[in-house]
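To start, the structure itself, in structure tokens.
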Amino acid sequence: MAFDPIVLFFLLGVIAGLAKSDLKIPAVVYEALSIYLLLAIGLKGGVELSKYPLAELVIPSVTILTTVMAIPVSAYLILRYGGKMNPYDAASIAAHYGSVSVVTYSVATASLAEQQVAYDDVMVVYLALLEMPAILLGVMLARIGEAGGVRAIRWGTLTHEVFFGKSILLLLGGLAIGLVAGEKGYASLAPVFKEGFKGALAFFLLEMGLVASIRIAAFRTYGPFLVVFAMAMPVAAAVWGMVVARWLDFSVGNTVLLATLFASASYIAAPAAMRIAVPKANPALSIGASLGVTFPFNLFVGIPFYSWLAQQWVR
Amino acid sequence: MAFDPIVLFFLLGVIAGLAKSDLKIPAVVYEALSIYLLLAIGLKGGVELSKYPLAELVIPSVTILTTVMAIPVSAYLILRYGGKMNPYDAASIAAHYGSVSVVTYSVATASLAEQQVAYDDVMVVYLALLEMPAILLGVMLARIGEAGGVRAIRWGTLTHEVFFGKSILLLLGGLAIGLVAGEKGYASLAPVFKEGFKGALAFFLLEMGLVASIRIAAFRTYGPFLVVFAMAMPVAAAVWGMVVARWLDFSVGNTVLLATLFASASYIAAPAAMRIAVPKANPALSIGASLGVTFPFNLFVGIPFYSWLAQQWVR
Amino acid sequence: MAFDPIVLFFLLGVIAGLAKSDLKIPAVVYEALSIYLLLAIGLKGGVELSKYPLAELVIPSVTILTTVMAIPVSAYLILRYGGKMNPYDAASIAAHYGSVSVVTYSVATASLAEQQVAYDDVMVVYLALLEMPAILLGVMLARIGEAGGVRAIRWGTLTHEVFFGKSILLLLGGLAIGLVAGEKGYASLAPVFKEGFKGALAFFLLEMGLVASIRIAAFRTYGPFLVVFAMAMPVAAAVWGMVVARWLDFSVGNTVLLATLFASASYIAAPAAMRIAVPKANPALSIGASLGVTFPFNLFVGIPFYSWLAQQWVR
Amino acid sequence: MKRFKLVTIICEAVLEDMIVKELDRLGIVGYTVSECRGRGTHGVRTGNWRLSTNVRIEVMVDEATSVAVRDALMRFDDDYGLLMFRSEVEVLN
Amino acid sequence: MKRFKLVTIICEAVLEDMIVKELDRLGIVGYTVSECRGRGTHGVRTGNWRLSTNVRIEVMVDEATSVAVRDALMRFDDDYGLLMFRSEVEVLN
Amino acid sequence: MKRFKLVTIICEAVLEDMIVKELDRLGIVGYTVSECRGRGTHGVRTGNWRLSTNVRIEVMVDEATSVAVRDALMRFDDDYGLLMFRSEVEVLN
């Protein structure tokens, strides 16, 4: 149960933030790196997809898309009735946990590579698939019992967000380009988009540490219920992901990645979408839980644990 | 007649822009990447130049510099009298088409490498040489018939712009450093400036797609004459470039690059210079034509076509 | 006595700046690159440190930390009594020269690599150690004779600055991560943090040239005393550094690096700290001397000279 | 030199598109946007990633329109970090 | 606390150098520049590359000089995206 | 619509933290910061690295507090590039 040293960059960022160091990474670097990471994993997946029997993705995709919904639904119920949260916050947080985190996924792939456990880059297809459905569900949950209810949702805007939101667009765009380019076309892009990946991820984790430090420092304000939720939920979701992965006969590596996707909470697509679609939800709570608790939890405890567990289980 | 998958990054940017995606690439990333690209191709050319009999560049340089002038002059006449444009717009657009596009050139080199057609990096010398003369000519054309005429041009400012404008300075600076460094000094810079080139170009094309999307969407406002011009002119110029390349006994690869230089229209140096020197020209027209029509035309149709044509012809 | 072609990037930046070219590198690129450089040399040092008997660092560290103090003290005395400067400026400049420049150090390592002279990346430990003490001393010197004197110094704030200032934090953070990661963990980071180093340094030098050009152009306003000081001081400090390196039985490469550390003047940590701690010091003078004179002097004359001298001496 | 009102809106970056749509609806052509950060009743906005960035949107309009802008944007006031103020300016061109 | 005029100029980034030259000519030492984007009669300025970026140039001057600034910059008004307005400020230091 | 004073502080970026501390001390919650560059009696501030960058800090407060802000920041006036001015605004929300 070892963790990849790359997570230490996150720790360094957190320390800098908590210590009120003058280290500041400009927001544009954050933007540029997140575009890079999304494109890079999209491309890599697309290249692998070009050698892959696409039909084989159908059954897993449907299975995963169906089963994942258990996460936002149970999260909503737990928060709404267990945690006595208002429906907006419960729905918003549920959406974050139902969706996925690109960086958590990336760290899991890096950690598998470090441990020399094989996995398929095609898993990025599921990353792309899982990003939005839970967000849509979250929006619907937030409207239950509201005047107008689900019918008042502006589906046009939301659907637009689903397909043309930055992260989906770059993931799918990268996938498509990788698919067309194939191994041959990818070769000349590899120095930047493949070799450079881990270094860029390190830099990005440093920056995320700075951003997350404020959320981590404020953890008391989230209340003990949410803090416990933000650590128990990913573990439960990961186990659920492993069950699904077993049904689908995934390899150890792919099992770890699916578990990580289920366990991870969105901190890019979901916050932006919920801020617009469910303005009454308090973003401090959802981002605090996902970025301030779950993200570091997954990095330092979750991913090593899911790796260990999958290796026990699948063998 | 295949195109390099790298142009798909441009397409992705255009799609994101047209779909009003929230994908936004900060302007500073655009600036940084354009500095990188200019330096990188300068350096590469300089290294090759260090092994090159410099005297052999004189005749081609003079020939090319003379013959290229046919492009802005004919463009001016066509737009002024065929298209009935006012002298400012005609002169400004002529300057754009007489000058060159660094990214179009870069895509052509990438595409040649992909097809394993040899070319000389020394061609970047012509890229540097061709950037400014047409712009100067354009400024003069704009003054014909104006009060004060050509004599009213502030030559000091313009000459300064020629030699110390960002793109010339970085190209020439890169060339000079490459020349001094030679293969040996270049080796340690190669991971960034050579291996990283294509990935950076991909990123830059994505960004250019975003920028160009607004121009592409507005293509109706340019009028049919200008749209046709923006596709016919590059083809004509490319053919003219091939004729010149034949006179100079260029290899197939170099012929494609010269044709591409002739065909390409500036969207960095020319717009900036014309905005200052010919304020009465409408930048929406010149940038619209060069970036909104000619640039994508060259990427998707032009370069594959010039490659194909040169291979028929030179063989 | 050759210099590495990489210093030509600095020259290009200076030329662009002096010629008032429209080349502008956004400040965020400067920030991002400086973070990268600090992390990269920290990491590299940390990896080497993981294979190093740490106890062996104690004696050299103590020796170097003690002997380096001669630099700010003598600089203060020379400027205060020789140059008749006010105590604030004398102390502030002394602090700059007692501290170190990360980029000067980096150029020296690049230059040694180019000449194939071996050195230890562990030297970065001394880089980290030397950054702050002279700055603290400078603050104390500035208070001598002031109302309240040294007792009025806000030690809390200053100590915070020492350990959590950007450059120390990134250097030490990089060291620690490298130490934990070791060769194995470093391998996947190497494409960005090792292969990319020299290219990034080139880019950064270009930018520093632009920044420094204003300081270089203003050199007349510093007065002849300060200009001479800014060239004589590094040479004297370098010789002193070599003496210390001889005591410590350093290899040729390490001798050059220690000499360079002693000779270099800070232009990141010191200016920021002095601006806050000694507001009455004129930053134009200290930054002018360190960035406008000493930095280019070390690049073009100093490093080649220290290399040559060390090779004569140590052999 | 005509007198106008300059309406300055400082708010979460995520509101920009929605506010521009309101301006469109009011038939307002001109506006200016710049990036900023800050602190208010909704806490610190550090500007270190998009979700914590503010924008400043400025609209120079006549008095009546300035009231219309205010009325159109009040619906964001409850749920978002938002500050709106108005000052007197004279147009010079 | 002395009263001054704050002249705010919002224009295409390409004008910055030319405007600073005019300020120099008028003997004005102090000014402040920041980046912005926006929309006006010359269309949308998205700020996503230099050619579509605006700058805001602010000059705090006395009333007479504010008129001189206006007069000096009016020659750019025809050909460039440009907005100039003026407001009252009291200097505090 | 209540009348307030908008205090605008343009100064070296290095002062930001110290100024925010003063605002804290005065019990002021709201402020807005943005990046800028410029020229003044302390020379040109090009903004091309942090040491030559300015910030603009804006604080909307009542008249009495605006004086308190001024008084608290005057201690920076001697040693740092600093401009402070004040204008009238009406809050709209």
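Which chain is which? They are A, B, C, D, E and F, in the order written, and residues in each are numbered from 1.
Please note the rule applied: a residue touches a chain if its C-beta (ideal position, glycine included) is under 8 Å from a C-beta of that chain, and two chains touch if they have at least 3 such contacts.
This is a predicted model, so every value here is computed, not measured.
Peer 1: Can you list every chain in contact with both chain E and chain F?
Peer 2: D
Peer 1: Identify the chains adjacent to both chain A and chain E in the sense defined at the top.
Peer 2: B, D
Peer 1: Based on mean C-alpha positions, I'd like to know which chain lies farthest from chain E.
Peer 2: Ranked by distance of C-alpha centres from chain E, the top chain is A.
Peer 1: Counting C-beta pairs in contact, which chain pair has more, A-D or A-C?
Peer 2: A-C
Peer 1: Based on CA centres, what chain would you say lies at the far end from chain D?
Peer 2: Centre of mass proxy via C-alpha means gives C as farthest from chain D.
Peer 1: What whole-Å value do you get for the distance between chain D and chain E if each is reduced to the mean of its CA atoms?
Peer 2: Chain centres of chain D and chain E, defined by C-alpha means, are spaced 20 Å apart.
Peer 1: Measure off the straight-line distance from the CA centroid of chain B to the CA centroid of chain E, and report it in whole Å.
Peer 2: That gives a centre separation of 33 Å.
Peer 1: How many angstrom between the C-alpha centroids of chain D and chain C?
Peer 2: Centre-to-centre distance between chain C and chain D: 45 Å.
Peer 1: Which residues of chain F are in contact with two or more other chains?
Peer 2: Residues 34-35, 47, 87-88.
Peer 1: Considering chain C alone, which of its residues make contact with at least two other chains?
Peer 2: Counting only residues that touch two or more other chains, chain C contributes 24-25, 28, 31, 191, 195-196, 272.
Peer 1: Every pair of chains that touch: which are they?
Peer 2: So the chains that touch one another pair up as A-B, A-C, A-D, B-C, B-E, C-F, D-E, D-F, E-F.
Peer 1: Which residues of chain C touch chain A in the complex?
Peer 2: For this pair, the touching residues of chain C are 28, 31-32, 35-36, 39, 160, 163-166, 169-170, 173, 176-177, 180-181, 185, 188-189, 191-193, 195-196, 272.
Peer 1: Would you mind writing out the residues of chain E in touch with chain D in their complex?
Peer 2: 7-8, 10, 34-41, 47, 54, 56, 66, 70, 73-74, 77, 82-88
Peer 1: For chain D, which residues count as touching chain A in their complex?
Peer 2: Against chain A, the touching part of chain D is residues 12, 14, 18, 43-44, 46-53, 76, 79-80.
Peer 1: Mind pulling up the chain A residues that touch chain C in the complex?
Peer 2: Touch list, chain A to chain C: 4-6, 8-9, 12, 15-16, 19-26, 28-29, 110, 113-114, 191, 195-196, 198-200, 202-203, 206.
Peer 1: Which bits of chain E are touching chain F when the two form their complex?
Peer 2: Within the complex, chain E touches chain F at residues 1, 4, 6, 29-35, 60, 87-93.
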